[in-house]
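What follows is a pair of complexes built around chain A, which joins chain B in one and chain C in the other.
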Partner chain A sequence: MQIYDVVIIGAGPAGLAAAIQCRENNLDVVVLDEFPRAGGRLLGQLHQEPNGQWWNGIEESKALLERAESLETDIQLGVSVHHIEKLDDQFVIHTKKKYFHTRNVLIATGAAESPAPIPGWTLPGVMSIGAAQVMTNVHRVKVGEKGIIVGVNVLSAAIARELQLAGIELHSMALPTRNVVVDEQSDPRLVMDRLSRIAHLAPSKFIQLGSKFAKYKFVQSLALKYYPTNGIKMWGMPIYLNKAIKQINGTDKVESVTMVDVTINGDIVENSEKEIPVDFVCIAGGLYPLAELAAVVGCPFIYSEELGGHIPIHNETMETPVKGIYVAGNITGIESSKVAREQGKVAGLAIAHKELNSIDIEEKLQAAVRNVVATRDAASIQFHPGISEGRKKVSTAFQETMKTQKELELVR
Partner chain B sequence: MTNRIVDHPVLGKLEERQKVQFEFDGKTYEGYENDTIASALLAHGIRTLRKHEESGNPRGIYCNIGHCFECRVTVNGETNVRACLTPIKANMIVESGQVQPHPLNPSQEGDIPKTYAEYLEQEGRG
Partner chain C sequence: MKDTIICRCEEITLGDLEEIAKKHNSSAREIKLLSRAGMGFCGGRTCRPAIDKILTNITKENPSDALPLKVAPPVRPISLTDLGGFGKDDE
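Up next is the complex of A and B:
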């Protein structure tokens, strides 16, 4: 039976960058991913950087994959991992087809989209905003002729632009009407506040939208009160914080949506219903870390709103308190793929350091840790304000967990 | 196929790819190498991949990346395969999910066992 040095779950920017470091140090590595192509969510990304250059996820993924392949990395696609079992001196990775035995595991499973259900959302033609991104940029198939985006945030703004680039017509972006699940996404003040807080980060076209809101920073309520009836336009498409989608209509597929006016508190204005014909609807509820596998293997968690949800506790070299289990990328908090890639590098070096214990690797590891921080500071996309505070919380939690672990060992 | 994004201002022209034929609910469709079942069908304007097991309501993709399991279909006899993660292969047989008999509704109970004893009996272990 083969025992790997490390099994990496997820071939996104974090997993691939880690695999490259491990292979450069000649470790026995296998990378597993359930998607048929390597690259993770990086594949679908396409935005213009502040310097005007395009961030082309297909090309970036290809570069990572080519480097990994040149180091003869074993990458197995179409393989879903559904369990990690902890034995005394190793882990067993359960997949549908077979088991993998390994001394170390890197969980780099990325993020998932929070659902934002509104009536009619199960109709064919309704999809998450990320689904539309992948269909458009990765598969190059049109999601429809004319659609509407429900949910206004940094990701949906970016992807709206991508759909337009691909020649797909969008009616507008609007909020969902309030219900128990979509409370936050339906609150015009909160949405406006989040958008304006990211605006300063990127004086780029990409966040033109945000900077438009930023003008109103001191007077956000006023801005909402006098929000233009025709919306604020981004690349010709209106963004409404004063209109919301109440319901999606159709018998066998999407035929229209019902739009209503909402007050600055998100309350529906009576008799304001309008039916808008569309053949697809994208729902944008935001991202959260996809961390179930860390939970089943026993990693302790901490909740951080800044990082997008429940985070497996880890330190700056990406170790969790469960010895041999590492995490990197969006599972540790929602950030851009550049940050995920640098975190992957750190995790790969940390595992190599654990296995080989060399001063040379240790130096590289320290440099890589510094690089994560530098990349974060320079990021043109931030999903949540306050990422650094969130990161501090997590590392404090790691120190406390380790202290408790030690104390428990002493008692025993 | 009109639903393909052939020319893209940043990503460039769609490259020539190998054509692949597969079957969905008894009809033959053509897609391209690297298409998933979901993308190949959507390129033909097909959005409905299954009916809800109980209500019969039509369902299609939601997340397109394997997280929600809304796109489950039967592939070469294997049930609950995610159409958004599964690449099409030549001569693959894909079937949409259908309404299932309801164990608690006498008019549609079919042969689903209602008790553990019935289950054992059906398994030939009664």
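Up next is the complex of A and C:
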């Protein structure tokens, strides 16, 4: 029976970058991903950086994949991992196909989208914004003739642009009306505050949009009060923080949405209902770390709003308190793909260091850790303004967990 | 909004969840078990965050560091034969 040095779950930027480091150090590695193509969420990405250059996710994932293949990395696609079992000195990775035995595991499963239920959201033609991205940029399928985006955030704005570039007509972007699930996305002040604090870092046109908000920074309520009736335009498409979608209508599929005006508190203005014909609706409910496998193998968690939800506790070198389990990429917090890639490098080097214990690798590891921070600071897409604080919380939690673990061992 | 489906697999609406919560005065976990919300075919992969939100809102339990609802393997839908694991280890 083969025992791997490491099984990497997820072939996104984090998993692939880690695999490259492990293979450069000659470890026995297998990368597993349930999607039929390697690259993860990178595959759908296409945006313009502030310096004018384009970030083309397909090219970026090709580069990673080519490097991994040149190092003869075993990458198995279409393989879902449904459990990680912890034995005394190894882990068993359960997949439909077979079991993989390994000394170390890197969980790089990325992020998932939060649902934003609004009346009518189960009609055919309603999809998450990420699904629209994958259909458009990965599968090259036109999602519809004319649509609308419900939910205004960095991700939905970036993907709206991608849909436009693909020649798909969008009516506008608007908020969802308030309900228990979408309370944050439906609050105009919160949405504006988030956009104004991050937009100065985001891609090209978004900067201009950002500066429009930034100008109003100290008078954000005023800005909302006098928010232009026709919305603030980005690439010719109105973004409304003063209008919200109350429901999606249709018999067998999406036929229209009901749009209402909302006050700066997100309250619906009476008699403001308008029906807008569309044949598809994208709902953007935000992202959260996909950490189910870390949970089943017993990693402790910490809640961080800044990082997007419940995060498996880990340190700067991506180790969790469960010895041999590592995490990297969006499972550790919602950030851009460049950060995920650098984190993957760190995890790969950390695993190589654990297995080979060489000074050379240790030095590379330290440099890679610094690189994560530098990449984070320079990232053109930031999902939350408080990412660095969130990171600090997680790192403190790791130290505390390790301290408690030690104390418990002493008691035993 | 009451009629809006939250868990698509088990077809549980927001109203269903609120009603169960009121009737039995239950914790988040109990509401999940009583309604089967999040326990259908997809294993809660679509609705989990929404259910977390709704349940914490109903029960006023604060979001803590622990995961609100336990995650149990298998985390993907698989057949009983596959779960059995027969023939999955190399010699």
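The definition used in the following text is that the second predicted complex is superposed on the first by the 408 of 412 C-alpha atoms of A that agree within 3 Å, B and C clash if a C-alpha of one lies under 4 Å from a C-alpha of the other, contacts with A are read in each partner's own complex, and residues count from 1 in each chain.
The rule is short, and it goes like this: contacts are C-beta pairs under 8 Å (C-beta built on N, C-alpha and C of every residue); 3 or more make two chains touch, one makes a residue touch a chain.
Here the structure is a predicted model, which means the values were calculated and not measured.
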| item | value |
| --- | --- |
| First (chain B), second (chain C), both or neither touched by A:T122 | both |
| Which superposed partner A:S80 touches (first chain B, second chain C, both, neither) | both |
| Contacts of A:P36 with chain B and chain C, given as first, second, both or neither | first |
| Partner chain in contact with A:G151 - chain B first, chain C second, else both or neither | neither |
| Which superposed partner A:L46 touches (first chain B, second chain C, both, neither) | first |
| Touched partner set for A:H94, first chain B, second chain C, both or neither | second |
| Touching partner for A:Y288 - first (chain B), second (chain C), both, neither | second |
| First (chain B), second (chain C), both or neither touched by A:K142 | first |
| Chain B versus chain C as contact partner of A:A112, first or second or both or neither | both |
| Chain B and chain C footprints on chain A, overlapping residues | 34, 80, 112, 115, 122 |
| Residues of chain A that touch chain B when the two form their complex | 34-37, 41, 46, 54, 56, 58, 78, 80, 112-113, 115, 122-128, 130-132, 134-137, 139-143, 165-167, 252-253, 290 |
| Contact set on chain C toward chain A in their complex | 1, 3-6, 8, 14, 45-47, 49-50, 53-54, 57, 63-67, 70-76, 78, 82, 85, 88-91 |
| Touching residues (chain side chain A, partner chain C) in the complex | 1-2, 34, 80-83, 94, 96-99, 101, 112, 114-122, 179-181, 285, 288, 292-293, 295-296, 300-303, 309-310, 397 |
| Touching residues on chain B, where the partner in the complex is chain A | 3-6, 8-11, 14, 34-36, 39, 42-43, 47-49, 52, 57-68, 70, 84-87 |
